[in-house]
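Got some structures for you, see below.
Below, subunit A partners subunit B and then partners subunit C, in two separate complexes.
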Partner chain A sequence: MIALTTPTSASGVEPQTPWMTPRAKQIQTLGTLAFAGVLAGMVVVLTGVAGVDGWAVTFFGLSLVLAVIRTLRVGAKERKDSLMKVIITAAAVTAFAPWLSIFGSVLLKGYSGLRPNYLTQDMSLTVPDDFLEYGGAIHAIVGSFLMVIIATVVTLPLGILSGIYLTEVRGRLTFLVRFVVQSMSGVPSIVAGLFVYTTLVFATNTYSAFAGAMALAVLMLPTVARTAEEVLKLVPEDLRSAGYALGARQWRTAFMVVIPTVRSGLTTAAILGVARVVGETAPLLLTSLSNSTLKFNPLDGPIGSLPTYVFGYLQIGTEYAVARAWTGSLVLLIIVFILFTLARRLGGKDKR
Partner chain B sequence: MTNTSTSTTTATTSAEPTAFAGLETRGAHAWFGKHHALSNVSLKFPVRTVTGLIGPSGCGKSTFIRLLNRMHEFIPGAAMAGEVLHNGGDIYAPNVDAAEVRLKIGMVFQKPNPFPAMTIRENVLSGIKLAHLKRSNHDEIVETCLTRAGLWKEVKDRLDASGGSLSGGQQQRLCVARSLAVEPEVLLMDEPCSALDPGSTLRIEETIKELAERITVVIVTHNMQQASRVSDFCAFFLTDGGPGYLVEADATRKIFTNPADSRTADYVQGKFG
Partner chain C sequence: MTTTETPTPREMTVIYNREDKIFRGVVTGGALTSLFVLGAIGLFLFLRGAEIFRDNGIKFITGTNWTVGSGDGIISDDFSIGAMLVGTVVVSLIALVIAFPLAVGGALYLEFYAPRALRKPLVTMLDLAASIPSLIFGLWGIQVFTSFGERWAILINNWLGFIPIFDVQVENFGRSPFIAGCVLGSLIIPITTSVAREVYSRTPRDLVDTCYALGGTKWGAIRSVVIPYGKSGVIGGAMLGLGRALGETVAVYLLLNLVFRYNFRILESEGGNVASLIATKFGEATDYELKALVAAGFVLFLLTLVVNMTATTIVQRSTPRA
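Presenting the complex of A and B:
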């Protein structure tokens, strides 16, 4: 009989990850990239190739060539691997570039106006051309939040309930509901604004935050409903069975087993809906208009909001008014960024 | 034990450890993040034998078996230490291609997982397509693999039906057939029968015995009878709350009748676990 085990010492053993790329190789890759970068820079300086895009194209070409040269001696598989790595990285950077460009220019142009008074004062006593030390956009920020909160309060229950209908109840109208929700997500935002304009604004004879919120709700509902449906679909059938097998009725199973399981997913649905509408401008121009005074009553006539603020001050066109508009864009971007980060965080919690 | 395996084992006794034909671990450890899951397992799997890995839940058997064909590294935060040698070569060496390791060391999972979008025939041939192997005798492969997995007679008239249309036991045998089509040298089975009825279990066990005539089989099982029925060797794992470790490994008959460690005796007699 052979000895199946040979005793070894267990002391002083360190965890290792032999499947990862070794540090030395990573540094080598970075070195190659840096070399390609410098070389591309020299090409831009010394030849007719110009600009950032000229540099990027040269850099990409050089990286490809260097990837081939570096792996000439190792083998076809490694060569293919490093070539694909360069191409995929280039594709990722290309996809990333527009975002970086937008965020960069908004940050650069909006940064100067972002001072304490921008977040504490409204524009009721300031003319758009005043120095940036005076006036602010608190009325627009509050207006936006007011409308988004009302829209969320209206949309969230409706969206989750329609998600429940589509995944739990699966009634006779499932097809119709899904169809309507899907086509609603294709409604142009100006049409949503017109709809509320011809109904609510005509009926009450005034623009208001409430009307604006209703227009936003029309746009938000499909996003929330569809995300909620997708999230609810992820609940394993076994959990529902377990609920039913304990003698629970359908609605108790849905509300006490299914929904708590995906609570964070539904939070994500709500945040995605908010992020979808917080920057909408067109429907608000028809429903809440704009205003330069800070107010909290959603029924009290026209109200300011960040998108209409940006729109309005850009149209004025003078130096300080445009600067205020850029700062408004920056604040809006930051709000959306925070919302998406929150959605990511909360959405990731379920997986654990 | 068959004659072939006896001769192999005698040959390896006199040879250098590096020349050991078959699968071998030396001081293998496994971690999940900070959690030390498996400690210092040195174990040999001679060619053309069946080795059963037994032990209570959470003692690292599944972790260990996934270490043997580099499936462990898919878990984020996973780490390992020690060596895993296949025919003397370290499968974790830097220039080794993990995909090729897994081609030679196949795996059957606890839950039957045939590809639902493929027919039975396509399922059997899927490994050949996925690994880009060049084979011309597809019909022959389908028939031999399904026959070896003990499924041919049941499905030969409906090879174009979906893999998902089969019963659980049939699905698992289809998964075995799928693993065999790429002609692995080792087949790892992680509780392959835990979700199956006794009839299907019996069929899989017959399949395992037939497989052992040509390849090495490692099987994790919670079923003591199964371990004693199918395996030539048994390895008993245990945990005392810390990382799992190997208590002893020996011929199956010895483990079940006269084990060296009293804890092994208690476990195989059903006193705990």
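Presenting the complex of A and C:
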């Protein structure tokens, strides 16, 4: 698609790009922006407008005015175009601002608590407001790990089956399955927790990592199923035909040809599923509760997890408890980040 | 260009033997788990909450009381989620009103305005932002964003206070639906933006180029081709975002005080939503109250399911799959 818009000539002559902004104009734009920025800064310093947000709004207003001034000579259409450019860019910046702020504040506020003991000790012998040199979150990390592993073991096969159904079997229910998977991805996480509570926890009368994992599985399944479908769709039809041509039955073709082709893609599906649920808090509040002691048995009563850890210590509200919560979210964000990078790496592999 | 014709593939017929039939059966079964789970969620929540629906009838979703009985009959149990439903809708609508224009602007920027070198990192960041847990949004909202939000709320109240929804009775601007709505808005921007971007990127390139060829400006092309072309897909994306906002628990839990009263004054510090009600009351709920919470969960489930199914239908119709 994109290749169509940038013609490259074989003769070595650079194609003309009249639709692109010439360098001189780019410099002019940058100059105007810098001017508006400094002016907005002066407004913030000299008047009652305060803060980063005050500066941003002033900057935006000034950019609009400058856009009008710059296009005074060229006419209404051009003016509208440059005004909209300012507005759309501002919208994009505003959309990205909260995430930058989140990454920044998690890093800044979580960094101080990230010490070796945070990753080796649990909180069974430490009070929440103790100095950050004591206690840690290993119990929460292990708990999250346990639950995520169990959830993955349950959902990955189901997700792959669902993907195979949509791409290999292609039965009459294709539309229904696709629709249900999509709708299921919108089930609120608390509802998933409530569901597991009314069934599993109610029946066994214990909160456990296993119950938590089941709630996470409900949330994970749609992500895994959808990614698996996307990935399996990338398998060229020729490979299937080749499988059949060699005399393989459909199931052999599916398991010996199609799935091995996209093995890393299916790993991506699992990873994206994990990234989707590793930070889920609400379902765990209803199924695995929380705990401050390190344990490994998924069936043995309430267990800690990173999200409930962050949630709990934030609620306590004292200085060091909140610092622990920030560090917890930093760890959570790092985990999500690593999973995400892994998924990208692996995802790119199959497409070659 | 070579002119050899590619032969058209022969029509193939398939006869499945027993092995294949078993295979197809198992796969179909696996694929139907999601349907089964979805049905089970609805069924179990309904069954456990049935007693509440029978006792309270329609009052359960219109009333504003959440009174735990004293057990000896002097004060009787009275549970209803009307106020919470209103709170859910109010907060989600604020989120949508904030997120929608920003998401559309962000998507247009990424597709049409972003410098080539910036586009890829920004898209990666967009995907990454979509996977930030809502808990972290809540943490950020309460510890970082609230100071900004309060300042904006005071400004809005000063200048627009004569409009009823911006009026306040108590001059306390923290923990208001407005602030929660802003945070939820930033929570749903990633999903809405990525759907919108996806839709916009499918605009037929030659139509856009035609606009330029006719002497149109970039904005002219966007307004006359890109936006009309992507309209339904973008609306679907916004509804997916709305679905997420409706069911959000921890962020709202951390940002709003649970008050059982219809509240349309968005700057007042009271509110709550169904999901945060469940999370708040779950810990020390009595047996009967627990059933009421499950019933509330069922209502929330239906609400989000309807919104999501509508969204899914719209998105699927507007982006034909290969």
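What we mean here is this: the second predicted complex is superposed on the first by the 252 of 352 C-alpha atoms of A that agree within 3 Å, B and C clash if a C-alpha of one lies under 4 Å from a C-alpha of the other, contacts with A are read in each partner's own complex, and residues count from 1 in each chain.
Everything that follows uses one rule, which is that a contact is a pair of C-beta atoms (placed from the backbone, for glycine too) under 8 Å apart; a residue touches a chain by one contact, two chains touch by 3 or more.
Since we're looking at a predicted model, the values are computed, not measured.
Peer 1: Have a look at where A:G247 lands relative to subunit B and subunit C in the superposition and call it first, second, both or neither.
Peer 2: A:G247: touches no partner chain.
Peer 1: Report for A:A192: first if it touches subunit B alone, second if subunit C alone, otherwise both or neither.
Peer 2: Touch partner of A:A192: subunit C, not subunit B.
Peer 1: Quick one: is A:L161 in contact with subunit B, with subunit C, with both, or with neither? Answer first, second, both or neither.
Peer 2: In the superposition, A:L161 contacts subunit C only.
Peer 1: For A:P260, select first, second, both or neither according to whether it touches subunit B, subunit C, the two together, or no partner.
Peer 2: neither
Peer 1: Counting only touches as set out at the top, which of subunit B and subunit C does A:P116 meet: first, second, both, neither?
Peer 2: A:P116: touches no partner chain.
Peer 1: Touch test for A:F311: subunit B only (first), subunit C only (second), both, or neither?
Peer 2: Second partner only, subunit C.
Peer 1: Is A:F179 touching the first partner subunit B, the second partner subunit C, both, or neither of them?
Peer 2: second
Peer 1: Where does A:S105 make contact in the superposed view: on subunit B (first), on subunit C (second), on both, or on neither?
Peer 2: After superposing on A, A:S105 lies in contact with subunit C but is clear of subunit B.
Peer 1: Have a look and say if subunit B or subunit C is in touch with more residues of subunit A.
Peer 2: The partner with more contacted residues on subunit A is C.
Peer 1: Check subunit A for residues that touch subunit B in one structure and subunit C in the other, and list them.
Peer 2: In subunit A, residues 1, 4-5, 19, 77 are touched by subunit B and also by subunit C.
Peer 1: Give every residue of subunit A touching subunit B within the complex, in rising order.
Peer 2: Touching subunit B from subunit A are residues 1-10, 13-19, 22, 77.
Peer 1: Give every residue of subunit A touching subunit C within the complex, in rising order.
Peer 2: Its residues touching subunit C are 1, 4-5, 19, 50-51, 53, 77-78, 80-81, 84-85, 87-92, 94-96, 98-99, 101-102, 105-106, 109, 157-158, 160-162, 164-166, 168-169, 171, 173, 176-192, 194-195, 198-199, 218, 221-222, 225, 233, 249-251, 254, 275-276, 278-282, 285-286, 307, 310-311, 314, 322, 325-326, 329, 332-333, 336-337, 340, 344.
Peer 1: Would you mind writing out the residues of subunit B in touch with subunit A in their complex?
Peer 2: 9-10, 12-13, 17, 26-27, 29, 31, 39-40, 42-44, 46, 70, 73, 78-82, 92-94, 97-98, 233, 235, 246, 248-251
Peer 1: For a test of understanding, state which residues of subunit C touch subunit A in their complex under the given definition.
Peer 2: Within the complex, subunit C touches subunit A at residues 14, 16-17, 19-20, 22-24, 26-35, 37-38, 40-41, 44-45, 48, 101-106, 108-110, 113-114, 122, 124-125, 127-129, 131-137, 139-140, 142-145, 148, 151-152, 186, 189-190, 193, 201, 205, 209, 212, 217-220, 222, 240, 243-244, 246-250, 254, 275, 278-279, 282, 293-294, 297, 300-301, 304-305, 307-309, 311-313, 316, 322.
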